[in-house]
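Could you have a look at this structure, given as structure tokens, before my questions?
Residue numbering begins at 1 within each chain, and the chains themselves are lettered A, B, C, D, E and F in the order written.
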């Protein structure tokens, strides 16, 4: 259950509605997912977050859009963010991620968490070569 | 400072030496980084971890090797593992990651951590569409 | 679903009942929330935790009680503790936190998580001035 | 040791210099701390992060500026971000936080981390009253 | 809700079936829990993970099997992994963990999380004696 | 570097000195490690934390003292608390933990972190049998 009301279209202020409209136009869909409806309780947080996400995720850069989604999923899995795992896995599948690729991503995330913890457990010193 | 002695070549048992040899052959370098020298205190842990890492990271699959390194870095950043950030960033640079790509990866990791926390903070319910 | 039985009033031992009575008296309410009923399975853990919480949260100090609740919420959001986010947000609202304040708290928590991760990602050295 | 070069004034591009100038003007000091010099390797990340931080932390809102710094510190402690703990504690002290207030903040952070973990350990269900 | 289909016996490939058979034989039960059915979407991940788990948890070593389960639970509580807390607590109870022992484990996990956070909050330097 | 001054014996208040004396008497050593000297900046936090630690770790219960230290280490490794890993590993070695036992503990911590992350990644639903 959410801690705040989800802002629906009818109760959205003009400031919120403008962001919702841009999300719809950018993503070419009428669907606004709950994340945006939740943070819309603070219109400035909504505007700032959407502007940042668009700049990072939807603007062509040096990384493939699907690679960026997979990095997003890896972070979400490591943070144990249920919502984020579901929403970004859906986004990655929509961008063409196969089930084999997803399971290979999961393998890397599991392995990385194991070896991260081994390094931390033994307080392994960083090799000079890596500095 | 490490919690255990790092195992050098001179003091390595035959079981450890066999893994070190395979790391050198697989990576085509004489360099064995401290992570392996630390977990070599448990030869079975060393053998198992290297076998798993080779299977996941060095075997051709459905993901590009550089993409897998970037996922590994994203997890290491999120787990705050100093050793792992250094070693896997070095590995990714060796595989051709540019500084622009690295900074874009960092942007995604930062943004993902922010929106993960916003989702968690507001306990946003997963949209039916994502299930 | 809880891992242990929640201790109801009827089955509470004298030691548990004494703590429940003090919670009720201190908070001026008959309501005992599930957290206390769960840890009551270890009466000493219950007594110790309640004594500590009362000392830290309910005793006048140098920080405003509402500020302390907001710090508690920030930790709970960062730890992804669903129960804690719900219970301490309820407590903060009862102490007068407005929805605008809550959303501003959420903004700070989100931003802090992003810049924390950027600092960690780039392994930024602490400035001499801060030491 | 940082993963990237820290951008000094001499090598800063015009885009980076403009942000550095605004940081100096806003904070009324010539000092630019390492965090900004590190993320300056991606001028857009620098510009975006500074704009967001200024909007959240330096713009009058419903929370006291010192309270916002203490929330920032609580998140940084929970995330184990050494740089962030040092820089934001310095900022809070500059805004008037006393040592008694700091130690009381630390007490709350410690207690919250304990009870968060107890709630998670026992999988305590959220009380209906809190929903 | 899972992100992938759980693999049931009817749809299991020969490679998956062989692992399921070994889990059944090793554990002397017909029951295969959902964790294995989920990772079975990647048969190699399934085989590798089961081989590692059997080597670590089911092979006699220097630690008592119940102690190893309790260490597993402590990690799972600290990572906030609901599934893992439930499955490993069930396993530990099956190996003879009493409710008093479980609550004492919970006390240690809570206390460790508090003092961990105090150490991190104050950036306590490691004593020379511990190095 | 610590965020606060470490309290040495000369500058300790009577309240702090009383706790230091009890630590020395309980542990049968003159050595007070830095953790206690750091939290001594808040004498009530010092007194409360020592009382809790003594009750949990030094009082005979249903778990072996060495097992409790190993649980403490597992939490500290998972939380990436450098100070805590060093101090509790030293304590466990003093209580008789062998290097083989330590490495086996590290193996379990690594494995648990991997399977925790796999469970979270795939959002595996808890089996009815475990509830």
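Rule of thumb we're sticking to: a contact is a pair of C-beta atoms (placed from the backbone, for glycine too) under 8 Å apart; a residue touches a chain by one contact, two chains touch by 3 or more.
Treat the numbers as computed from the prediction; the structure is a model and nothing was measured.
Common neighbours of chain D and chain F, by the contact definition above: A, B, C, E. Centroids of chain A and chain C (each the mean of its C-alpha atoms) stand 27 Å apart.
One simple way to say how far apart two chains are is to compare their mean CA positions; for chain C and chain F this gives 21 Å.
In chain F, the positions touching at least two other chains are 1, 3-4, 39, 45, 49, 52, 77-82, 85-86, 89, 100, 104, 106-107, 109-111, 113-118, 120-123, 126, 131.
Contact topology of the protein chains: fully connected, every pair of chains touching. Residues 1, 44, 48, 52, 55, 126, 131 of chain D are the ones that touch chain A when the two sit in their complex. For chain A in complex with chain F, the residues that touch the partner chain are 77-78, 80, 82, 85-86, 106, 109-111, 113-118, 120-123. Interface residues of chain E, counted against chain A in their complex, comprise 3-4, 39, 41-42, 44-45, 49, 79-81. Of all residues in chain D, only 80, 85-86, 89, 99-100, 102-104, 106-107, 110 touch chain F in the complex they form. Those residues of chain F that touch chain E in the complex are listed here as 1-4, 31, 33-35, 38-39, 45, 49, 52-53, 56-57, 61-63, 67-68, 70-72, 74-79, 81-84, 86-87, 89-90, 98, 100-101, 104-105, 107-109, 111-127, 129-131.
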